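The following pair of complexes shares a single chain, chain A, combined with chain B in the former and chain C in the latter.
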Partner chain A sequence: MDFNIFLQLVINGLLVGGVYGLMSLGINLVWGVMGVINLAHGDLIMAAGFLVFSLFSRWHMNPMLLLPVGMAMTFLVGMLSQRFLLGRLPQDRGAIKTSLLMTFGISYVVINTAQLLWGNEFQTVTFFSGSWSLGELEFAKARTVAFLAASAITAALWLFLHGTRYGRAIRAVSQNRDGAAVCGVDQGRVQVASFGLGAGLAGAAGVLLVMIFAISPAMGSGYTIRSFAVTVIGGLGSFPGALLGAMILGLAEVFTGYMVSAQIANGVAFILFLVVLLLFPQGLSGVFRR
Partner chain B sequence: MKIWSPVSLAAGLLLVIALPFFASDYLVGFFFSTFIFVTLAYGWNLISGYTGYLSFGQISFFGLGAYTLSIAVFRFHWPWPFGVLAGGALAAVLAAPLGWLMLRLRGPYFALGMLGFVQVLSMIASAWSSVTGGGEGLYLPPTASLRPLYYTAAATVFIGMGITWAIERSAFGLRLQGIREDELAAEAMGVDTTRAKMAAFVVSAVFPAVAGGLYAWRLSYIDPASAFPGNYEIQSILMTIFGGAGTILGPLLGGVALSVAGEVIWARFAELHLLLVGSLIILVLLFMPEGMIPLIRRTLARRRSRVPRSPARKEAR
Partner chain C sequence: MMKRIRYPLFLGVALLVFAGSALAAGSPILIGTSVSLSGNYAASAKYGLEGYQLFVDQINQRGGLMGRPVRLIYYDDRSDANTGVQLYEKLITADKVDLIVGPYSSGVTSAVSTVAEKHKMTMIGPEAADAKIYMRGYKYNFQGQTQAGRYMIGALSLAKANGYKTMAMLAEDTAFPKAVSSEVAKVAKEYGLTIVFNQTYPKGASDFSALLTKVKQLNPDVVLANSYLPDGQGIIRQCREQGVDAKLYAVAVGAAEPEFGNLGATANYVFGATQWAANMKTKGNAAFVKAYKEKFGRNPDYHSAANFASLQVLEAAVTETGSIDQDKIAAAISKLDMDTVYGHFKVDARGVQVGYASSLLQWQGGRQLVVWPDAVREGKPILPTPPWSERK
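So, the complex of A and B:
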């Protein structure tokens, strides 16, 4: 392989990896706080992407201005689902299973709603076309903008979780539920907030992804698996781990897509997920911590 | 009255056998697809209902069965029943190593792992076009008659019921339920949990594979989208939890009730189908988490015991 092509692929992979990191942080957060994976995560990503696509095709606005709209929509859906559906399930030993099943149900509601509103076709937002070049290397504008936005949101999330009372309450619950409760943290509210936040991050990722790739409502579960795989690779509750996992997945997909085929690249997340779970059950960050 | 009785079983069997003699092709076709769903539901019930390992990927074995039949018929000109059996056998052979890998994962890990496995199989089906026909799919010779398919599907349902019944009454069934309730405790009691889980997984993989083979032969066409239909997965899960997960009759009751309801009501709202299925899952989990069968059983037991509503309870309030 030509060295320039190699560098170009690395750049493409890292740029997409930034967005993958953002979307996986949503699943990471919810999992840490509630011990549940939101199986509708990928479908919310698609829904936000489509919402912004439809607004964009009507007004031709800069999609970055529509980013808050996509985030707000999924944030609301997430909060309402936790408040009125998941929060009402009995918290017994089977709680994780019933919650998983319920998010599976929610995922199909989201898919069908998206299909009804926006159709079943592949769509993409072509606002940032072309690329900036640096020597022989090309930085596709859409990917670069998406990467920068994802990094900014990731940084803001880190500041929120570490610097504010609310963020610290969320982290406290995910570290030790009972301990947090003893210190006066209202668990119900934390769960509603973090589920909403997780969904909001999915929404943000959806808006950024629709600028890079063509998406369709039926593609959601692929992104749920990607987000989960990144979390597994990086280890639960670890920010650097999530970013490292996202970069690994982004690179692996880009290289597989170039060397084998784009179809096979879709399965890379699953393979990585299995390999990491079998070799390092704690995730890669667990390896470094040792 | 009991739910289980030789009389009701014989009556049901007779009705199923007699149906094609007086019913229209449309009705027979409807019951054929109902049986496909019920078979899927029985498969899911074993691994998720009894053993408690939530799988969102049993449809991968459905696709495997569908492709096995199609390739056996299309490339090797086998008679279709052998294709269906080959699909079931292949699913069992594949499920053993897969189960060995996946069943060490628990909760969300297993659920997501199986969801990913569907994607991998459907990716292989699209990419390996010299065998599977890729995205264009394979066209099979159109089926002449529906009756043999109908009877095969009905027999599969009865076998599914019989196996579930036998498992529920066996020590093996108790082991599975022990794993569902508390895997660590079951292991501490000396249950070889890995072996029990793997056995349940293998059996639960055969059902969808057989259903997939029958479905492909009826459709006489197969491509990745029709071999791995996500909506079949969610519908069979809904049918199982609606009827009662971890019960012998739950998948049958849920499958038949929801198929009839689907045909009568939902067929008019085809566009809303997934929305309705998803919402129903949510409603069942909120308001009837045990499903129909336990409810019916409790109602019948109350009626049989004929204890008048105890006045003590009223006083206690």
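So, the complex of A and C:
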């Protein structure tokens, strides 16, 4: 393979991987802190994308300025869902199952609301078209902007979780629920904030995604599965693991698409998912921890 | 409790029937179909549905079919062939519709054609371009769309006229796009074209960057995207992002939709196959376009016209036989030779459409103009497409 082609594929893979990383952070956070797999995650990604699409098509403003709007909307939806729906479920032995069913229900509400508001068709925001060329390499503008934004948000989240009292409280709950409670951390509030934050991250991913690809209301579950796959590949609850998983997935998809076929590339997430589960049940981050 | 639920339901149905029978009397004739209201084909399928709806409105105003009002029953097949099969089973066995018409896309039509055949229900497929569906010895299925092999003839002709030599093809791996690719591959030589790249991608794919990296290396003169709307948009946009510089881009379905213009300046110079245009002098076309705009507040596309025309054909067959006997209707359709808004309808002994022809449009300055063939053209084709680096 030509070295330039190789580099181009690496660039394409990493650029997509950055967005996959952001997509999976929210699902990872919610799982880590609350032990809940949010099946509505992909639908929140989609909903934020559509919100930004409709604002963009009305005012034609830079979609990056709408990033906080998309995040705020899903943050709010997430907080309210936790406060009034998930938070009210009994915390008994069946909690995982009931919360799974609840997020499944939320997913349907989000999908159908989006269909009512925005119709059923595919939409995309074409603001950053074309690419920046560096020698023979092409950096697609939309993907590069999305990658940079995703990296910045990821870094900000890391700082928040490690550098602030609130972030530390979230991490404390994720590490040891009872211990955190003994130290006076209000679990209810942490859970509301975490779920909101997870949903807000989904929103950010949605805003970035709609700049790159066309989305439709029915596509959300695909994003949930992909985010989940990234999280499992990287290791549930692990922050650097998820990013590693996202990059590996992005690269694997692009290289398979180039060398084998687009059909196989479409299934690479699941192949990786199975391989990792069979060989490293703790995810890739588990390998390094050992 | 049951009574309470049933009563308003009954009332609702009664109201619907009553509304339909304002001008035509008797029990309604039910026409069943599935429509891809969601999923990959939603944009195109919506136009098709509106074509059906307009026809049903008009026939009821004219006094109905054989003096009976007509009612359209449709469900969302989610652009999915398996769902389509279930829905047609339901339409035929549970709703007991009198007539059926085809869904959107060759993929879904191919699947539901077996249901129609099994129940001996005559079905015109207005959105099934893949002629293979009609080469299986079926008796009750008829093609109501231009054959897939004709879609890209315009683009190939322009490529030949400009002396282009190499061509890359990408296609969704479902019935229609694959049929277009294989038909083009058969005739490419006649147009002086060598196919240097011919690959498919799965339905629902949105990242084409890996495929296009390969296409870029081959540097073809012509890029054909045998695609619907979302994938067609994605491919053209990512051609730009990956720096694929072809002289001619053509999309099989997507570029014919007005929504393709959401790409902005990137849409310009792209060619799209269309089987019909608003300015064509087909029978009743001007009145059709006018009525459509009044009812739906937007211009019809070729799907609207194809679906409308299929019901014109069905009406002619039912009127001719004076019954809704499926065998008689099938016999009548196979012998029909009639002018519709969509063009001249005629099927061969197998049910393959031999009347309808294809034309080609190009996006120029944010508008679609028919540029081929000369008889119907609104503007001249602009070729070659300037390289992306020289464009806004």
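Rule of thumb we're sticking to: the second predicted complex is superposed on the first by the 283 of 290 C-alpha atoms of A that agree within 3 Å, B and C clash if a C-alpha of one lies under 4 Å from a C-alpha of the other, contacts with A are read in each partner's own complex, and residues count from 1 in each chain.
What we mean here is this: a residue touches a chain if its C-beta (ideal position, glycine included) is under 8 Å from a C-beta of that chain, and two chains touch if they have at least 3 such contacts.
Being a predicted model, the structure only gives us computed values, none of them experimental.
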Combined model on chain A: chain C and chain B, fit or clash: clash
Touched partner set for A:Leu278, first chain B, second chain C, both or neither: first
A:Thr154 touches, of chain B and chain C: first, second, both or neither? neither
Partner chain(s) touched by A:Tyr258 [first = chain B, second = chain C, both, neither]: second
Chain B versus chain C as contact partner of A:Gly222, first or second or both or neither: both
First (chain B), second (chain C), both or neither touched by A:Ala214: second
Partner chain in contact with A:Ser194 - chain B first, chain C second, else both or neither: neither
Partner chain in contact with A:Asn112 - chain B first, chain C second, else both or neither: first
Touching partner for A:Asn266 - first (chain B), second (chain C), both, neither: both
Touched partner set for A:Ser131, first chain B, second chain C, both or neither: second
Intersection of the chain A residues that touch chain B with those that touch chain C: 115, 218, 222, 261, 263, 266
In the complex, chain C residues that touch chain A: 37-40, 42-43, 46, 78, 173, 199-202, 204-211, 213-214, 217, 229-230, 233-234, 237-238, 240-243, 259, 262-266, 388-389
Residue ranges of chain A touching chain C (in the complex, touch as defined): 2, 5, 8-9, 12, 16, 115, 119-124, 126, 129-131, 133, 138, 140-143, 213-214, 216-219, 222, 253-258, 261-263, 265-266
Contact footprint of chain A on chain B as seen in their complex: 52, 54, 56, 101, 105, 107-109, 111-113, 115-117, 119-120, 123, 126-127, 181-182, 230-231, 234, 237-238, 241, 271-275, 277-282, 285-286, 289
Residues on chain A engaged by chain B in the complex (per definition of touch): 31, 35-37, 39, 85, 88-90, 93-94, 96-98, 100-102, 104-109, 111-113, 115-116, 218, 221-222, 224-225, 228-229, 232, 261, 263-264, 266-267, 269-271, 273-274, 277-278
